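Presented sequentially are two complexes of chain A, the first with chain B as partner and the second with chain C.
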Partner chain A sequence: MSGLTPGFADPVPAAQACFRALLEAMARPGRVHRLAGLPEAPAPLAPAAAAMLLTLADAETPLWTDAGPVAEEWLRFHAGCPLVAEPGAASFLLAACGMPELAALEAGTEEEPHRSATLVLQVAGLERGAGWRLTGPGIETEHLLEVEGLPRGFLAAWAANGARFPRGVDLVLCTGDRLAALPRTTRIEEAG
Partner chain B sequence: MGVLARADAEAITARLAEAPALPRHARLRGPETGLVMARGRQGGDGAPFNLGEMTVTRCSVRLADGLVGHAYVAGRDTRQAELAAVLDAALQDPSRRPALLSAVIEPLAAAQAARATREAAKAAATRVEFFTMATMR
Partner chain C sequence: MTALGYNFGYLDENTKRMIRRALLKAVAIPGHQVPFGAREMPLPYGWGTGGIAVTASVIGADDRLKVIDQGADDTTNAVSIRRFFAKVAGVETTERTGEATIIQTRHRIPEIALREGQVLVYQVPMPEPLFRLEPRVSETKRMHALADYGLMHVKLYEDIARHGHVAISYNYPVLVGGRYLMSPSPIPAFDNPKMDRMPALQLFGAGREKRIYAVPPYTSVRSLDFEDHPFRPVRADAPCALCGSRESYLDEVVVDDRGGRMFVCSDTDYCSTRQATREAAE
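Right after this comes the complex of A and B.
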């Protein structure tokens, strides 16, 4: 017996559409994108987060996740990625029940900053709203984003992550079928 | 599994017509065609080398009762891969296994063995005995 469920119904076009959505999200930090054609992911994976990993992870990208054995089996079957126990050893991280220390993750090197990790973080709520004021590359003046369910001290950890530029970790926030990206260059202030 | 991998889709479908109906299934992955690198070892125990790539079709399915079956077959026959995966899952169920074994697997295995014997007999007719040739001179 097994709890395996199908991945993308049509893997190639669906993964390409997700990749396009992620490019748009990274180019316009904080803007919320809605994905279509999502896989039936096992709990506690959010469909958008599961789709991101099916799109990005493969046999050459170690993955760290805290989503439990059913989700791990699903990801190993569909993405074929190795799973690691140490967050610092992973290229992609999927945090469904908390958040690993940003400072402990792979941040790349000064010569090769693209070797850093990408953290896919599931949050309770994500919409355009008055929580944060985002500025930085890809945002003309400022962008407002309301995120629920982040741990206390996130803003300080994010500021420290940005201060390491060009090194640092990129973040993808997911809830349900929506996602928003925060590349390492985005600065966040509390709005209001 | 080897019997199903060597049988073609028509042969499996023909045998299935006489077997109890298979439960409904959902496709977990595929059927999809790709390449795998076939590796060999010289003399069976030498250093491994890449012999070449071969076309393989794979499929994974889940039956309504939760059993998961996988199949990898040589070639591009997606229907064969899917049928083999469904049978792989159904054969794991002890209540279905005896009926499927006697209706599908054993006749297929017997037909394949008969074909292999026939081909071996045809090949044996043209066999050259090098030892005999040496003594005839």
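Right after this comes the complex of A and C.
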């Protein structure tokens, strides 16, 4: 317990601010939001990803993560969420080193598509820029987003995730203090 | 200052987290009803508990809240909900649509166009658009899963066959994002076109029925109709007696016991703003 760093300094307003940013991010896919009042999360957790889990995860939401024992201990202590070894059994997944296969995650059922996992993916870079052109609900015409550090074949996996709508996994991309969300309805094309 | 003895926004943090998770999934699946655990509120079901639970989970200290009941800021329900949040969240409140960041509404959409950065929270009595046609939740769930909305089309067809037009003036069913049939909460059909591709985020909370659903910004919301019987929003054929508006939605008000009546704007902020500008111009 000795090396445990603190969570939110002021949990109620911090969780509200983080949730509001997430709600905006989910409602306007691909817009990059910068969070303030972030917790001191141990490496390799990105502060934005850690804040998101403190905001949303608790005893009711099994979490899967590959971030290592220090991060696991921090999340278990501050969020109080059970950790699971199987990605398919988790409601939240925090991927800090590589991405679990989207098809293997809980996608909900046709009747209850909200019982699906949310994948928090830490990436190397996240900017508004020329990499992707996003369309779908929440986007007036198109949003541009540049993401660095995604595995090869991501776009094909994302298209397959969108094709099973209303089932599917929702994605939150995080780096440092920034995040952007990709709900299952967002279509991605490579801008070129 | 928030009232002592309450958490910010009245609800405890566990409940807020549960509602926040439901809200995010609701936004990710436009028009789909997500169940949530509705908590007991200091007012009864039917008075906007669902809307209050959603607002309480979204609101922050910097927000400015507007509450309307049938378009009016000064009715009992609107005043008490506004006071409730002023007390338990210490937020600023307003009656001006343009100044609000969160607008909680019972059965109306404000007349002036909402913008990005605003959140519209609807109080919903019955979230299931099919409940009068199919009372079994297990069946309606399956119908939503299969996007099997034939029953509703038959209902609209029967209206046309019987009355010559679709006889629904409020709570007119809509299709969200081309996929989910959704109850717009009992707003007048007049307001339905405002939901389509609205820049603001629309959240819906049904307390008694324990459902949350959402329409993200710029999402298509189409009122169900037929090619030869297109959807037509209904409006009383009169100008507002107070501000003269011919565009706004009107309430019919009985003014005496000899059959006297007048039509006035249902949106009080819109009407008083128009009256003030007209007076200023004179």
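By definition in this document, the second predicted complex is superposed on the first by the 191 of 192 C-alpha atoms of A that agree within 3 Å, B and C clash if a C-alpha of one lies under 4 Å from a C-alpha of the other, contacts with A are read in each partner's own complex, and residues count from 1 in each chain.
Everything below uses one rule, namely that contacts are C-beta pairs under 8 Å (C-beta built on N, C-alpha and C of every residue); 3 or more make two chains touch, one makes a residue touch a chain.
These numbers were taken from a predicted model, which means no experiment stands behind them.
Chemist: Is this a clash or a fit when chain B and chain C both end up on chain A?
Modeler: Aligned on chain A, chain B and chain C fit with no clash.
Chemist: Is it chain B or chain C that touches the larger share of residues in chain A?
Modeler: Between chain B and chain C, C touches the greater number of residues in chain A.
Chemist: Quick check on the superposed pair: does A:77 touch chain B, chain C, both, or neither? Answer first, second, both or neither.
Modeler: It touches chain B, and chain C stays clear.
Chemist: Touch test for A:135: chain B only (first), chain C only (second), both, or neither?
Modeler: Neither partner.
Chemist: Looking at the overlay, what does A:185 touch: chain B (first), chain C (second), both, or neither?
Modeler: So A:185 only meets chain C here.
Chemist: Quick check for you: in the superposed arrangement, does A:4 touch first (chain B), second (chain C), both or neither?
Modeler: In the superposition, A:4 touches chain B alone.
Chemist: Looking at A:16, would you say it contacts chain B, chain C, both, or neither? Reply first, second, both or neither.
Modeler: second
Chemist: Could you work out the angle between chain B and chain C as seen from chain A, using CA centres and rounding to the nearest 10 degrees?
Modeler: Nearest-10 rounding gives 90 degrees.
Chemist: In whole Å, what is the nearest CA distance you get between chain B and chain C after the fit?
Modeler: Taking the overlay as described at the top, chain B lies 10 Å from chain C at its nearest C-alpha.
Chemist: Can you list the residues of chain A that touch chain B in one structure and chain C in the other?
Modeler: Chain A residues touching both partners: 11.
Chemist: So in the complex, which bits of chain B are touching chain A?
Modeler: Interface residues on chain B, with respect to chain A: 26-29, 32, 60, 62, 66-68.
Chemist: Per the contact definition, I'd like the list of chain A residues that touch chain B in the complex.
Modeler: 1-7, 11, 77-78
Chemist: Help me check something: in the complex, which residues belonging to chain C touch chain A?
Modeler: Spelled out, the residues of chain C in touch with chain A are 7-9, 13-14, 16-18, 20-30, 32, 34-35, 57-61, 116, 141-142, 144-146, 177, 179-180, 197, 199, 201, 214, 216-219.
Chemist: In the complex, go through chain A and note every residue touching chain C.
Modeler: Those residues of chain A that touch chain C are 11-13, 15-17, 19-20, 22-24, 26-28, 55-58, 60-61, 109-114, 116, 118, 137-140, 165-166, 170, 183-185.
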